[in-house]
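Heads up, the next two complexes both have chain A, just with different partners, chain B and then chain C.
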Partner chain A sequence: MPVELMKGNTALAEAAVRAGVEAFFGYPITPQTELLEHMSKRMPELGRAFVQAESEVASINMVYGAACTGTRVMTSSSSPGISLMQEGFSYIACSEVPCVVVDVMRGGPGLGNIQPSQSDYFQVTRSAGHGDYHAIVLAPSSVQEAVDLMGDAFDLADQYRHLVFVVADGLLGQMMEPAELPPMQPLRTERPDWALTGANGRDPNIITSLELSAPALEAVNDRLQAKLKVIRETEQRSTENMTKDARLVVVGYGTAGRIAETAVKQARREGMQVGLFRPITLWPFPEQRLSALTDHVEALLVVEMNAGQMVEDVKLAAGGQIPVEFYGRTGGVVPVPEEIYDAIVESYEKLA
Partner chain B sequence: MHEEVIFAGFGGQGVLFAGQLLAYTALAEDKHVTWIPSYGPEMRGGTANCTVVVSDEPVGSPVTKYPSIVVAFNNPSLEKYEDEVKPDGLLVVNESLVIHQVQRDDLDLVLVPATALATELGETRMTNMILFGAMLAHRPMVALDTAEHVLLDKLGERKAHLHELNLMALRKGMELGLAQKTEA
Partner chain C sequence: MTSAVMVEEKVVYERPESLADVATHYCPGCTHGIAHRIVAEVLDELGVRDRTIGVSPVGCAVLAYKYFNTDGAEAAHGRAPAMATGIKRVMPDHVVFTYQGDGDLAAIGIAEIIHAATRGENITTIFVNNAIYGMTGGQMAPTTLIGQETTSSPGGRSQTLTGFPVRMAELMAGITGSAYIARRSLHNVKEINTAKRAIKTAFLAQLNGLGFSMVELLSTCPTNWKVSPAEALAWVESDMVPYYPLGDYKVAEEVKPLMKRR
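And then the complex of A and B:
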């Protein structure tokens, strides 16, 4: 496939199309709308389902319904829209049906603004709906990675019959960058054996998130937790740069991660032993690798486009072994490399 | 080669397209590139800008505080970005639409009456291509030849009647840019 210059939102959409998404339900919201717009054109063109629902609440429940039939399905939105979908996420997680949700994060809280942000970290990794569970959360930092992770997201959703988020921010959604799309995958022709397909000639399947007996619901929870334990042990992903001899490691994901990389390289040119650790899965958080780094690294500096959310996971991974510093911008302000560099210098000077 | 370029002006001046032309041309030459538009409340005042990073290396930050090149299409953009340009950076100014006098003396400054020239060519919308040409004359990040091919490809058949005019504007800008180039 040729390398093309693509906008993040469009690339996410087309990557989903290539990954064989059969149905898309969504509602427009900036800075995600180009994704839905691309789907509105492509899905009907390919004879697949596209519905612009009347609201985000409707979208996620349509996704839930389609997922129950074993259809490869997704929705996309931005922060306030994701908040509206919370109940649906929880039903989907409890029902153990696979689906993919894209969140192109914007400034909050409240209606906030339409500028890039990472303020949904808690929302997607911790509280994507009520009850005891985590969704799988993937966080690309370039248009190419967005394309690649979109395909992985559907496979992970199917493999674990679980809810998978792909989180970008307004900047990644609006940015154009060269990327190569994968070839078109054929649509699935067979439905999984748990799917609701009409029960013609077989026993009925039941998919529900309602369990009135406490012991029975505890059994559901036990099964869910066992699955999440496997995910936690096997699906942690991260990438790192110049960490081998690093005394200070900057931790950042998505857009903040790539901006931090420029600052880290500047620090290296100034002779500081600094590296970059970029989580790709936000849940499961790549704690194994980060924890291993604390054996030789003297301090961590977390950079986020929020008031400090992932920093809590970094502190858990560091286990109190080394100091964890934080630098963040909020409200849709995108940090520039120079200010991250200044934060690096400040943290570096504190090293013994 | 690593350049961080900001194109800034009013909506409708072809600011975003100028940035895209640079991005597509960079891709055609297998360079690393990012393009981001301003899409927030900034746009509501009628101003538009985009940041393009072109590099021989993979691009880390797609945003910049101190661009190495600024192409200012109008007065507010010049006032906003003059102080931000890196020392020894390039500042291309649309002389037709500015009243502000450039104060910096540590820049490669190119003043082009782009809107007036575009109007002479019979199409005010050629302002962006004139400024683009002047920029390339001073910072040959990509070849003019590649830019011309990409430009015609992007305009497509639907705008075939504008092909020649766009090329003329691009070359005119290049010519004016070269004329203001001090020999090193």
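And then the complex of A and C:
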């Protein structure tokens, strides 16, 4: 496939089309609207389903319905819209139907603004709806990685019958970069045996998140937690650069991780032994690899476009073995490499 | 020698195949059971049971998916029309219906039901209006009548405090995407038979791809109305029907031949 210059949102949409998404339900919200617009053209021309819903509440419940039929289905939104979808996420997770949700995060709280942000890390990794579960969360840092992770997101959703987020921020959604799209996958012709396809020659299939008896609902939770345990043990993903001899490792994901890489390279040029650790899965958080790094790394510096959210997971992974510093900007302010470099120098000078 | 007299037995009443052979949790005198049965009879008569997907609400009918012998899903409160939309868009050859009460459809889910109709979504909605929240123990619904006593309108619903009961059939009839909108009642046998014919028309509209169809069914809640089943049926006729007149509120031109065919 040739490399094309593509906007992040459009690339995410087309990657989903190539991955065989059969239905898209969404609602316009900046800064993800180009994704919906691309789908409004592409899905009908391919004979697939597209609905611009009346709200994010409706779109996630349309996703829930289509997911019950065992088709590949997705929606996309941005922070305030993701808040509205929380109800649906919870039902989907409990019902164990697969779907993919793209969250192009913007500045908050409240209506906030439409600038790039990572302020919804907690929302997607901790509490994507009421109840007791985690969604799988993938965080690309370039348009190419966004394209690649969209395909993985659908595969993971199907494999685990689970809710999978692909989280970007407004910068990744809006910027144009060269990327190579995967070839078009054929649509699946068979539906899974649990899917709602009509009780033709079999007993009815039921998809519900209701379980009135406490012991029976605990059994549902046990099944869900057993699945999440497998995901936690086998699906952690991260990438790192210059960590082998690093005394200080900067931890950042998505856009923040990418900007931090520039600052880390500058620090290396200045003779500091600094490396970069970039989580790709935010849940499961790549604690195994990060924890291993604490054997030789003397301190960690977490950089986020929020007031400090992932830093909690980093501290859990570090297990109190080494200091964990934090540098963040909020409100849609994107840090420049120079200020992260300054934070690196400050943390590095504290090393024994 | 005695000669055996063969008496041929004729089945005059049996469980429709589309109704599961299980006991329901509905209270004595509640008309949900009748509504379930006539929907199931229609699915049988149309021969669509094995390609039907029902979407249950939150409310008294939350377990309806256990009572229909079809594939089924349980929606979040009020979201059944959105969920049904998702199902229908990827399974256009299947019959998709929602079964919703008045709190589910006319309060928390009023946006979803109206927009399903504005899109002309090719689904069927069975709307059970019993003028009260049954499952949560008898609170005021959007359809509770003025003066009607509930646990959250003590002394009777006040129009000063709470406005007026919503007439959903009239509201939905004003939407261009609605193909067939009717209100019927379940308070006597004649009305039940009329209701069944309306439900059949609604499903036929869907089978012919004509757009959104809804049948509102005036229904009883003796438990939360705190009256006997017989008194409840009488109250539907004396108090509900005058405020919620029965009839067809929207019959698209293409739907009319479907009504004549029977």
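The definition used in the following text is that the second predicted complex is superposed on the first by the 352 of 352 C-alpha atoms of A that agree within 3 Å, B and C clash if a C-alpha of one lies under 4 Å from a C-alpha of the other, contacts with A are read in each partner's own complex, and residues count from 1 in each chain.
Methods note: a contact is a pair of C-beta atoms (placed from the backbone, for glycine too) under 8 Å apart; a residue touches a chain by one contact, two chains touch by 3 or more.
Not measured: the values here are computed from a predicted model.
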Superposition on chain A - do chain B and chain C clash or fit: fit
First, second, both or neither for A:54, with chain B first and chain C second: second
Contacts of A:185 with chain B and chain C, given as first, second, both or neither: neither
Touching partner for A:3 - first (chain B), second (chain C), both, neither: first
Of chain B and chain C, the chain that contacts the larger number of chain A residues: C
Superposed arrangement, angle subtended at the Cα centre of chain A by chain B and chain C, nearest 10 degrees: 120
Chain B versus chain C as contact partner of A:83, first or second or both or neither: neither
First (chain B), second (chain C), both or neither touched by A:337: first
Least C-alpha distance (whole Å) that remains between chain C and chain B when both complexes are overlaid: 31
Common interface residues of chain A - those touching chain B in one complex and chain C in the other: none
Residues of chain B defined as touching chain A within the complex: 20, 23-24, 27, 32-37, 39-41, 59-66
Residues on chain A engaged by chain C in the complex (per definition of touch): 22-23, 25, 49, 51, 53-55, 57-59, 61-69, 71, 73, 87-88, 91, 196-201, 204-210
Contacting residues of chain C [partner chain A, same complex]: 20, 49-53, 55-56, 62-63, 65-66, 68-76, 79, 82-91, 94, 111-112, 115, 119
Of chain A, residues touching chain B in the complex: 3-5, 30-31, 113-115, 170-171, 174-178, 255, 258-259, 261-263, 265, 332, 334, 336-339
